[in-house]
Structure formats: C-alpha cells, structure tokens
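Two complexes are shown next, each including subunit A; its partner changes from subunit B in the first to subunit C in the second.
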Partner chain A sequence: MKILMKIVLVICLMWIVMPVSGQSQARFPKPEFDTGYVQPDPSTPEPRALAMDYFDVFVLILVLSLATYFAIRRRSRGGILLLSVFTLIYFGFFRNGCICSIGAIQNVALTLFDPNYSISLVALLFFIIPLLFTLFFGRTFCAGACPLGAIQDLLIFKPISIPVWLRKGLGLIPFLYLGLAVLFAATGTDFIICRWDPYVGIFRMDARFIMIVLGVAMLLIGLFVARPYCRFLCPYGVLLNWTSRFSKYHMAITPSSCINCKLCETSCPFDAIDIPQEQAPASARQSDLKKFLVYLLIIPLLMGAGAFIGYKSHVFLSKAHSDVYLAELLIKHPEVKNDIDNLDVQAFLSAGETLDTLVKKAGVIRAKFKTGSWILGAFMGLVIGVSLLAQTTHRKNDDYRPDKGNCYSCGRCMDYCPVEK
Partner chain B sequence: MGKDGHSRRDFIQTSVRASLFIAIGGLGALGASRATASHTVWQIDPFKCTQCGRCATECVMAESAVKCIHAYDICGYCDLCGGYLKPDANDRATGGENQLCPTAAISRNFIEEPYFEYVIDEALCIGCAKCVKGCTAFGNGSFHLQIRHDRCLDCNECAIARVCPSEAISRISIKKPYLIKGKFEVIPSVEPPKSSSKK
Partner chain C sequence: MDTEQKIKLVNRLVAGTAIFATMVAIILLLNYYQTSKLDPVESGVIGALVERLDQEPNNEALKLEIRQLDLLARKAYFTSAWQVRTGGFILLFAGILLGILLKILYDLKASIKEPDPEELDNQAARKNSTRWIWAIGGLVFIASLISAYITQDHLANYDDFKLAQLQAVESETASNEIEVVELGVGNEEPGIGNEDAGVGNEEPGIGSEEPGVGNRESGIGSEERDQGPGTTDHGPDPRALGPGSSQYPFFRGFMSNGVSFHKNIPVEWDGASGSNIIWKVAIPRHGYNSPIYWDNKLFLAGGDAEAREVFCYDRNTGEMLWQKLVTDVEGSPAKAPKVTSDTGLSAPTMATDGKKVFAIFGTGDIIAFDMNGNRVWARNLGVPDNHYGHSSSLICWDDKVIVLYDTNNGGKIMAVNVNDGKTMWQHKRNNRISWSSPVLAEIDDKMVILTTTDPLIAAHDLKTGEELWQVECLMGEVGASAAYGSGLVFGANEYARLVAIKPGAEPEIVWENDEYLPEVATPVESDGLLFIGTSYGVFACYNALTGEKFWEYEANQGFYASPIIADGKVYAIDMDGLMHIFALDKELKVIGVPKLGEKAVATPAFADGRIYIRGNNNLYCIGQK
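Showing the complex of A and B:
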C-alpha cells in the first residue's frame, strides 16, 4: 500500500516535471517486447456508405412520384396507405427517421448564415425536392413520403373536429417554431427540430425517457386529434402550406364535378375541406370590407409590437447558446470558478481561454440574436395580421373542395364521392 | 364572379407559382454552390476532450455511441496503469474494487515482465471517460474516446456536441472518419479545413 502511494507520488512528480508541451512526447516510451508480442490496432468500423445516402434520395423521389400518382391519377386511397406503410418502415424504422426534410430546414438555414458550414448535398435535396413536388401537385409528400406524417396518419382512430378559432390559433405555433428553428440554427446554437422531434425516439426504439414519454403522448393525442404534429407544430408544413396553395394539379375530391351531395363533408379528419359558400349579402360585404381595412392598418402595429417583444426577448433567447450562457455565468457569479462540479466552467478554465475572448465571442452571438429576434417578432406580427385578414375575405365557392394549403392529399375524402368519372 | 374573375385568379396563381419556383430554385442553387457531395460524420478530437463524462449520458441513444478505444501504439504497457487502477487502489491486481472502470470493461493481460496489455471490451464500455481521465493524467493518454460509427446514428446535430464543454466534437469528412491518437505529428492535420465546429 505504502509502496503504491510512493509510486503514484513519483509518477505525479514526473508528470509535473516532464515537458508535455504539444503533447508530442509520451511519458512512458513504448516498450520493446522480447516475446514477439505484436500490438493490435484499434478497430475503426466504417460509417454508412455515402452511396446509401444517395439511394435515400432516389427512394424519396420514387415515393413522392408514386404518392402523386396515387393521389391525382389513380385516386387510390389504398395506394397511399401502402406507401405510408413503406415510408414508415423505410425512412422511419430502417433509417431511424434521419435525415428528414423537416430537419433539413436547419441545415439550409445554417448554410445561409454560417460561411464555414457546408451542407451535405443529400440534406439539400431532401429540403428542395418535396417543395418542388408540392408546388405542382400539392402536399403529396405529407400523404406518403414523410415518416412523421405516416406514423400519425396510420394511428388516427376517432378524429374529432376542432373548432375553427382553435385550429387557427394553434396553427400559429408552426410559424413560431419555424422562426425559432431558423434563428437557433443560423446562430449555431441548437437544432431544436431534431432535438424535440417527438417520433424519432419511437423510430429508433431507443431514446431518453422524456423523449419516449413525449412520443407516446403525441401518438395518444393523435388517436383523436388527427396528425397533431403536422397541423400544430411542423415547421416544414408552413413552407409546404404556402407552396401548396399555388399548386397547379392539386388532387380534387370529386373525379368530375361536385353535385353538392354533402357525403364528403365530414370525411376529412383534418377539417381541411372547404364547404360551398354563398356570395355574402351586400351588407355583410360592407362590414367585411371595413374589417379588412382595419386589419390592414393594424398589421404594421402588430409587426411593430412583435418586433418590440422580439427585441426584448433576445437576451433571454441568446442564453440558449452555450458561450453566452457561460460568459454571463462567469461574470455574474465569478465564484463558480471554484465549483469543481461545474463541468462547463472547469473545461473553460482548463482550456486556457481568457474571459475576454469568451465575452467577445458571446457578444457577437448576442448581436446576431438581437437582429434575429426582432425580425422573428415582426414576422410573427405579420403572420397574425394576415391570418386575421384572411377571416374577412369570403370567396364564393360552389363545390366541396380540399383547402389546398392544409390538405395532406391523403385521399380519404375521394372514397366518399359518389360521382363516377 | 364571372369568367374574368377566374382568369384573373388563374393569372395570380400562375405568377405566384412562378415566383415560388424561382425562389425555391434560387435557394437550391445557393445551397448547391456551398454543398459538399462528400458527407460528414461526427467525431471527437481526443486532444480537445477533457473527459467530462457527458459522452456517456448525452447521446440520443440509451447506450452511447461513444466508446473508449485504446491506441496501443502510444501505450506504455505500464504495470501501474492510471487508466486501469483507481488512484487509491490497494494493490496492482485485477480485483473489481481496484478498477477505475465502473463496468470492468478493461482487461489486464500480462505480456512479459514488467508489461501489461490493456484491452477494452466495447460491449461493456459505456464511454464514461473515467479511464481516459486516469490515463491522460498519469499515463500516455492512449485511452481515448471515439464516436463509433457502427453505433452512431449520424444525427443531424450530435446531441453530445451541443453540450460538450470542450467543443471537442465536430463534423469531419467521412473519408477520414476517425481521429485516432497515435502518431502525434500526423493527427492534427487530419482535420479537414472545411470541417465546421458547431460554434
């Protein structure tokens, strides 16, 4: 025991005395073995081949094309169902839900704002291709090619209809989520979409407890509130919604022309069917016009208020970045330097970086947050304003038809239409 | 609304669609000009790692993709191994109470007087870095952590990289997926110039 202590002591002394500069020297030279012992090499198992990544892009295009064909040409709900099972198995369980188009938003954002980051071509393609498809054919990506959409769609049990005001209100969340995700990705803070993806733990069948709880909770909610993530969270859905509104060949409920039989009225689990509307009477149109003008004037106010709130919250938001957090901690509580359990502080101290450089780095990041936050706030103001504005325009509509922005092209409603081709 | 209304709406639709098409295409082109066809993977730079222990707990998987590996090339084959034995170990023996590794993942094999070989059983290792800390502090630093690519899911953003206090984890080229300690003078140049550390 005592001998051991001595040896340790000697080693410690040697260690202090010995030059470790540049770590270019081993403290204990490698021995020469007499017995002919051959030292093994550390194994280095290969990462997944790049070719497989491009295969994923190929599968994505294939599935998107098939989903589009089933939704628009074949008008087959069964085909779309099969595709979503395939997507769930392949992109979900086999590929572990990564990379996905939703998360790729962050890679694109980081590319735009960080000159040192180079996006992988695969991530870029996953981001672009579904948007292009949606621009022409509607959200067939959501119907059949998105693993998150698939797992939710397959687990719809008894969908309840959600009142419009609630739907519109909750529908603002994805905009905020998108804005925050871009802000955090662009400042190199965090990829929140990936971190809080509720289903990815289920795809991997392995995650931290909290994420499993979140995933199961979302699936249970999804039994009654159809596609809760798609409708009230998905940030990529915002982009798909915008593009889908202008899609050229969006699927229709009826194969020829609507006879207003009302059979499909309640068929959509996502309340995404526009029902026929009479032209509003002149008096109503008058008051609508008034409202419209009022809201139009309010928009700049909303944007200003949003920008103000955003500006006010930038200090708080920027704390999500580890450098800012650490700099602030060290300035406000210099005594943490003595806390040996604070890993971040200890690592910082042992790295030999000065507090000045850290504060400078943190300052740069906070400045980025300042700009980003007020823009995000103004953007949210605009979004709220425009959605108010949309309440006042009632367009005359003779048919039952999918609301192009919110329809996932899942094809359920088509089976309710009695009209033959 | 008559036919005029329809054609006006069609016109708006078409022009917005065209602008969106250009916008998406522009974004794609901009991205493509900055894209790399060669994928990146996450890896730990063993020279930056300060053995904080988060690698064991922060990986998205319950069993971390990070494992300790042994760079035999720089190992001193010490009898008194700072990575194997607890500093207050009673004696230089293989008894569990003497071992630093909480899962007894390291085996100590006698080679010849006075040298011992230390082998890590990857299946048992949890990547806690206790041995790395010991070996780096008292030995040659031949134990070090690595993200094992047969286990790693290659997350879009590595959950450990986000919280690594030493910013030791970054994206590196898939062509050289490991930063292995060993030939000291070679290793630092392995890092590709365009690798992006997160921060």
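Showing the complex of A and C:
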C-alpha cells in the first residue's frame, strides 16, 4: 500500500509540472526577422453560444434528477458513483469548472448590490436549481452534480472520523468564507471563491503554481479526511445545509424501519449519521435550558461585538480592492511612479487618470466596505451564537438516520442496511 | 470468479497501471527538461548567424539558412511542447484509472467496521464542541481586531500628502529662483562679458555673406535683443535674425520648429551615382544626432562605449576642421552606461550660439567648445538611468543651454550657463522618462520651452524654468517632441494620441486624433498644415486648426527623422534614406523621392541651396552641382 501511495504522490507531482510547460508555450515570441508571413489580426474569441449555456442548465437538471432518483428511489450507490464520474468529466474537465453553482453566489451578490451588473440567466439558474432540489430532496447536488464534490468523493481512500468538537469548530469557516465572498463580490472587489478554488487548476490543467499546490494538497488531505472542501470551506454548502434541513423527501438509510443493527454506524465517511440518542436526564435538561437562555441573551452581544470588529476591519478588508490598494500605494510611496516594473502603477499612469480621481473612487469603495464589514461582523456573531445555542439542545432519536444538513446523499450508508423494502 | 480471484486481478491491473503512469511521468519530466533547455530563441547558432547577417545584410543565402534553422528549432520546440501536453492528458487518465482500480480494490478488501463499543457521551461532546466554537470564533474575532489595529489608513492621510507635495513644489520653486538670482549676479562679472564679446568679434563678416544677417547687425536687431528676456551679451538672439536667418543652430533648425527659411532647396539627387552630391565624407564615429551649423562650420557628434567625440566640418567643402574627444569630465562614469544600439550614446543633437558649441552624451557628460575646438567647460549631470539611452537634444538661447533630462529616476529641465556650465535654474518634473527634446516657442510675447513626456505636454518659462502650464494627454514612451504653429501647441506619441492645445494659463485641448501617431519623428506645422511621420511609413497631413485629415501617404519604410518644411515643400527622409518631398499643400503632391543610398534616421539640416544629411555612416552635402 505504501508503494501505491508513492505512485499517487508521483502523479500529483506530475500535475504540478504540466501547467508550467503550457505557460511557457503561450508566451513564445514571434520571429525577429521578416518572413513574409502576415500576422493575423488579434481578435476577441467568439463567446460560447448561448444555446450551449442553456444546454449546461439542461445537463445540470438532468444530473440532479438522476442523482435524486438514484439516492431516493433506486437507492443505488453505484448509480451515484457513475454520475459523479460523468459530472467530473463534463462540469469539471470539459467545462473547466465553470460555470458552477458555488461561484454563482458571487454573481447573485454582485447583481444585488451593483445596479450596473446584470446577472446572466444561466448563472442565476445554476444558483437556484440546486437549492430548489435540496429543499425537497436533500443535497443530491453534492452527491452527483457538483464537480468539486465529485473529484473529492472519488478520491476518498481511507477516511478517518473527525471528532465532533473539531467538526463544530471548523464548521464556522464556511460561514466566514461565504460572508467574505459576498462582501468582496458586492463591492466589486474580487470573486474570491473562483480565485481560490483549489480544484479549478486541475480541471483546466493550468493555474498559478500556488493554486496547483493547494489543489493537490486538498486532494491528498481528501484521501483521509473525506471531502475537506465540502465540509470545512464550501460557502454554497452553508446554503445547501440550511435548505436541506427542510427537505421532506430526503434519502433514508433504511428503506423501511431501522432495526438498530449498527451496521451503518461507521459507513459514512463524512460523519453525517445521527445515531440513536436516549432522552436526556431531567437535571441535564434543566441545565441545557439555562444555557439556552443565556446564549439567547448573548447572541445580540456577540452580534454587537462582531459588528464593532467588522467595522474596525473595513480599512484592512478594503485594501483587497485594486483601486484602494493603488491609491494607498501612490500616497504612501509616491516614488513608485518611477518604477517601470510596477505594472499596476504604470497602467494607472498610462490611463491618464489623476490621483485625485483615484482617491475619490477608493473612498467610495471604502465606504461600501464600512457598511459591508459591520454587517459581516454581525453575521459572524450571529453564526457563533446560534452554533453555541445548538449545543444546548438535545433531541431524542430512536433510529440511525442521516443528518439532513450535513448529509451529501452519496448513498454509501444504504449499502450497509440489511433491511429489505 | 470469487472475491480472492477478483482481488488478484485488480491487484495486477493496479500494478500495471501504476507502472505505466510512472513511466509516462518520467518521460514527461525528461521531455519537459529537454524543452526548457532547447529554447530556439536562445539558440547560439542562430544568434551567431544573425550577427553575421548584420555585417552582410544582402546575403540572401544566409537569410534562407537562418529561416530554415529557425523553423526547424520552432518545430522541435512545439513538437516537444505538444508531447508534454498530450503526455499530461495520458498521465491524467492513467491517474484516474489508477484511482478507480484502487477504489475497487479497497472495496473488495473492505469489511464492515465494528462500531465503537463505547457509547458516545453526548453531554461531553456538546461541552467540547461549545469550547471549540468559542475558541475558533474568538480566534476569528481577535485576528480581525489585530488586523484592524495594525492597518494604516493611507487614504485618510491624502490631504496631508497633497499639502506636503505642494510645499515641496513651492520649496523647489523658491530654491530655483534663488539660483537664478545668484547666477545672474555672476553674469554681471565684466570678464565674462568681455571675453564673449571678444569671441564674437573674432569672426566678423562670415554671417554678412548671408542675406538675412544684415538684419542681425542692424540697429533693429539690437533693439529687439535688448527687449528680449534674459538679454545679455552672449551672442546673437536667433529671433533677431529674422525669417532670412542663415543659421541652423540646433535640432530642427532656427527656433527648433522644423521650419527653415532657406531657398533653392534641391529636389533631385542620387547618393549612389553622386548626382547632386556636392561632397560626402565618412563620419569617424557613429551617432544618431543631426547636423547643425553656424556660418560655415557644421557640427556633429559621435559616441560609443570606447569614446565620445565632437566633429567640426567646413560645410562648403566637407573638410574636417577639428575633431575633439570628450575626456576628463569630472564625474563621468569609468564605464559607459548600457544603452540599446538604436539609440546609442550620441543621439542628442548639439547646439550652438555662434560662439560656442555644446554637446551632450548618454554618459551624462555635457561639454562646450569654442568655434575653434578649444574646450571651454565640461561637467557630468549624473549618469542617466535610461534603458534606451539619453536622446534629448540641446537648445541654446541667450546665455543658457537648455537640457531636458528625463530619466527612470525622475526628470528635470535645467538651464546651464553657456560660459561656465553652471546651473542657472533647474525644475524637477513629476513625470515618467521621455526621449523627446525641448522646443522653443514665443507665446504671448514670452519665450517658453515646450516639452512632451508621459503623461503631459508642458510649457516652461525660458528665463526661470517655472512651469507655466501643463496638459496631461500623452502616455507611453514619448519620443516625439512638441511642435508650435498657428497659435497652437501640438504633441503626439504612438499608442497615445495627437493633440492640439491652445496654450495659456488655462490651456485647453482644441482637437485630438489618434489615427496616425509618430514614435520618434516630431510633427511640424506651417501655413495651417500639420505633418506627421510615423515609424510604420505613413506620412499624414492634417488641418492644424481643426484636426481634419487632408491626406495620407504610405512609404515602404518608417520615419524616425523629423520632417522639415523648407522652400514651400515638406522634406521627410525615411529610414531607408529615401527623401519624400511633398508640396506644402492640403492636396497630396509628391514632388520627388530621391535616394541617399544609405539608411538615415537623423534629421537633415537646410541651408540656401543645400541639404546636409547624416546617413548611418556618411555625411552628405546635397545641392545643385
């Protein structure tokens, strides 16, 4: 098995090397002497036909429907596996990981806050359709229609169980990521979900070196920690988690009644099975109630503290915007104007814009950050408060059943259930 | 097939796929290494052949050999690149296959794991979770707070920044004014004035041979000079020479505006056959500066990494009157700065006031000789940080030599005293490097210096150097200088735009155009017509007042030399040495395209019945034989 691990590592290293050659080819200079060859006029590549974009929407609906069918009706892990392979090939390698529902969050955020930006119908559909499916059938999108989920799911090798306390703690990160992604998109700063997508470099066979390293590292981690991106980073997962909790037709481990045989207890690599729980003793219930009330009172305080910290952080966060960064650079280091290697500065100088105008633009952006940052801080305070609140509740549970919020409907557990329909 | 047999089969498939993937990976690594080593652009063989081609530019067989070698190298490179990419895909699919097989193997070997016999302590787990939520949530808040308090808000300091900038400019202006006063006192020293006067008297009568010089020596000329700014005894005021001036004292002639008032300019010659070539002499040292003359003395400079020189010729015979090396200049670098071959170390054109002649080089050395070749003074202005090489030409006016010194480390325009080379005024410029030259213009009865750079066209007071106005309208690597005529200032640069500016305290852009833009050649205006020569061979004529294009003409080669208007015609020499002569008219009328017989990038100098052209290797005097 160690040999196999080494082979996997070698392959991963190869993936790092390949994009480098691609980049060098792209920058190949033309001959220095006249050859008589007429250089073609550079032109903008034709945009992808709209019909093909709608075809993507059709494929998404088809894959979601099949995933739902395999998870709920057919109860076929094999079907979901094959669907994952198709999704990986089509939405991953063929469509280069774009468009994707995760990134569509940013398009939606930008269109809500920037009147000059109009979201495409395709992006909107990619954002909404998985949520609608999840609202009724659980996270079948994660099971078979998400290329990021597929690449991770197919490479789960020997998953280890993550302690519940660590899961709960790390579970705050996707909320923060979601908040930052919305803030940066709404202020027109950046689409950070796309920029820092660890797998898109692998889909495209080309990316910055750091992103390739990040992607390979995530895949290696994913060999043992199943779906690390989905569980501890994915901002779309936050929305899917919320909607999935209300899903009426979520897949079940057992096709009829659970016999508590415990066979499925360790089958989920994502620790998303709720095991049977006894009723808590009366003393514990009283203590939980007190804690519940305390945390209920603390939540506004946490939100206030978060809003204050967010407000204070707006200067720091706004530096991610190129105009703010450039304006501050030119104020702090005016001599940088003479640095011909600083392309940002030279592009600004070449555009003929004055520093006054740039500073004004930067001021407008900073004002947006001022508002957005305190809202983000308050949101994080609320998330922390609600997460604490959730730890004070104890629900009696008689059966082994999926944790609706965190279950990806992958169907692994169903194969372990001996109960016939 | 039972499970054991399946496991055995999958095991073998896994091993086979793994070996295959490893082999592909090794081949890919070797191929990538080979591709990175065999860069055809860095090929030593092709480089050597290209060097040989520079010496034998007409060797067609050599050209063919280079092309074939280059094609071969490129084919090899792209084939290797294709192999790397294709191999990458094969490796990817092998990796996927390996993953699937491993998965199947794992599933075949898998057995149901027994549940943890210990019951999960739900209370304890919730307690732990609460702690970790506090810890990680707290960490996020504390990290945000720390980042908030260590971050500096530079935007909030913008007003202070502007104030500091303003104070710096005021302080600079104040110090410049002080310098002018101090040096002005120096000018009152009787010795200097007398000495200059003496030099002037040494060459009596030369100018009187020319028709326009009579005005200079008349009382009218003297009166005008007395009224002029910064009037001193230092040589004649070119304005006093009048339209009939016979001199060509700096780049683009009298007033540096590219308009010559000389007559009987030839329109036919042939360098190869010698037709209408009065004389031709080899230039001892290479340079791109243009010829200038005063009376019968014509000046050129040359320079390379070995040495820098100034040459003086008899413009009537081509005889070399004197040749002086530029050595022992205090502060001059021991090793010449690295410059590109298309600019070199001697691109700036010299200037003369009729008593002294001034030259500047890419080393930062500026030197003055008297008309007999005796060194008067020399100094180094600091080695210019200029990635192509310093190319801004000199202008001489009254007692000042005007130097535009834009470098990568900041720019300045300065005036040095013609007698001792000391700085009279200096004005720092807040702009990028440029390669253009200062241009004189008399606007609203005031002598000003016009400059072009990235991002602006600016006017400076000739007397003090004070910036009178500026308009931000250019960008990129500005090589073309400004032009002035019909009451408008014109500036243009390739990849930017052509603008016409109405000068004044509040200058405004009257019109702009971006169809044809010069890279090096300076536009020229006369009689309401503006002419542009581009580096890609298009020569265009515009209505100077409205920007309407009257005509365009396409030459086979581009224009680096600036066009000159003389004798009712426009003379524009292209880089192949073909002089395109057009009528000064809003209709395109090509009068002739005589050949020099060698490449040329310097701007010609005009005299009555004569044109002086610097080719790449020779200096020509052209006129009716």
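Following the convention adopted for this analysis, the second predicted complex is superposed on the first by the 374 of 421 C-alpha atoms of A that agree within 3 Å, B and C clash if a C-alpha of one lies under 4 Å from a C-alpha of the other, contacts with A are read in each partner's own complex, and residues count from 1 in each chain.
Convention: a contact is a pair of C-beta atoms (placed from the backbone, for glycine too) under 8 Å apart; a residue touches a chain by one contact, two chains touch by 3 or more.
Owing to the predicted nature of the structure, the values given are computational and were not obtained by experimental measurement.
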Identify the partner contact of A:188: answer first if only subunit B is touched, second if only subunit C is, both if each is, neither if none is.
-> first
Tell me which partner A:50 touches in the superposition: subunit B (first), subunit C (second), both or neither.
-> first
May I ask you to decide whether A:266 touches subunit B, subunit C, both, or neither, giving the answer as first, second, both or neither?
-> second
So, A:131: does it touch subunit B (first), subunit C (second), both, or neither?
-> first
Which partner does A:334 contact after superposing on A: first (subunit B), second (subunit C), both, neither?
-> second
May I ask you to decide whether A:111 touches subunit B, subunit C, both, or neither, giving the answer as first, second, both or neither?
-> first
Kindly classify A:246 by the partners it touches after superposition: subunit B alone (first), subunit C alone (second), both, or neither?
-> first
Subunit B versus subunit C as contact partner of A:96, first or second or both or neither | first
Would you mind listing the overlap between the subunit B footprint and the subunit C footprint on subunit A?
-> 4, 7-8, 11, 15, 22, 24, 28-29, 31, 33, 35, 350-351
The answer for subunit B against subunit A in the complex is residues 1, 13, 16-17, 20-21, 24, 27-28, 30-32, 34-41, 47, 50, 52-54, 60-63, 69-78, 80, 82, 87, 89-92, 111-112, 115, 117, 119, 137-141, 148-150, 152-157, 159, 162-163, 165-166, 174, 177-178, 180, 184-185, 194, 196, 198-199
Can you check the complex and tell me which residues of subunit A touch subunit B?
-> 1, 4, 7-8, 11-12, 15, 22-24, 26-31, 33-35, 37, 39-48, 50, 53, 96, 98-99, 103-104, 106-108, 111-112, 114, 116-124, 127-128, 131-132, 135, 188, 190-191, 194-195, 201, 204, 206-208, 211, 242-243, 246-248, 321-323, 343-344, 346-348, 350-351, 396
Subunit C contact footprint on subunit A (complex, rising order) | 3-4, 7-8, 10-11, 13-15, 17-18, 20-22, 24-25, 28-29, 31-33, 35, 154-155, 157-158, 163-166, 168-170, 172-173, 176, 205, 262-263, 265-267, 275, 277, 280, 284, 302, 305-306, 309-310, 312-313, 315-316, 319, 324, 327-328, 331-332, 334, 337-338, 340, 349-352, 354, 359, 362-363, 366, 377, 380, 383-384, 387-388, 391-392, 394, 416
Within the complex, subunit A is touched by subunit C residues 14, 18, 21-22, 25, 28-29, 32, 35-36, 41, 50, 63, 66-67, 70, 77-78, 81, 84-85, 88-89, 91-92, 94-95, 98-100, 102-103, 106, 112-116, 120, 122-123, 125-137, 140-141, 144-145, 147-149, 151-155, 157-158, 161, 165, 387, 408-410, 430, 432-433, 454-455, 472-473, 475-476
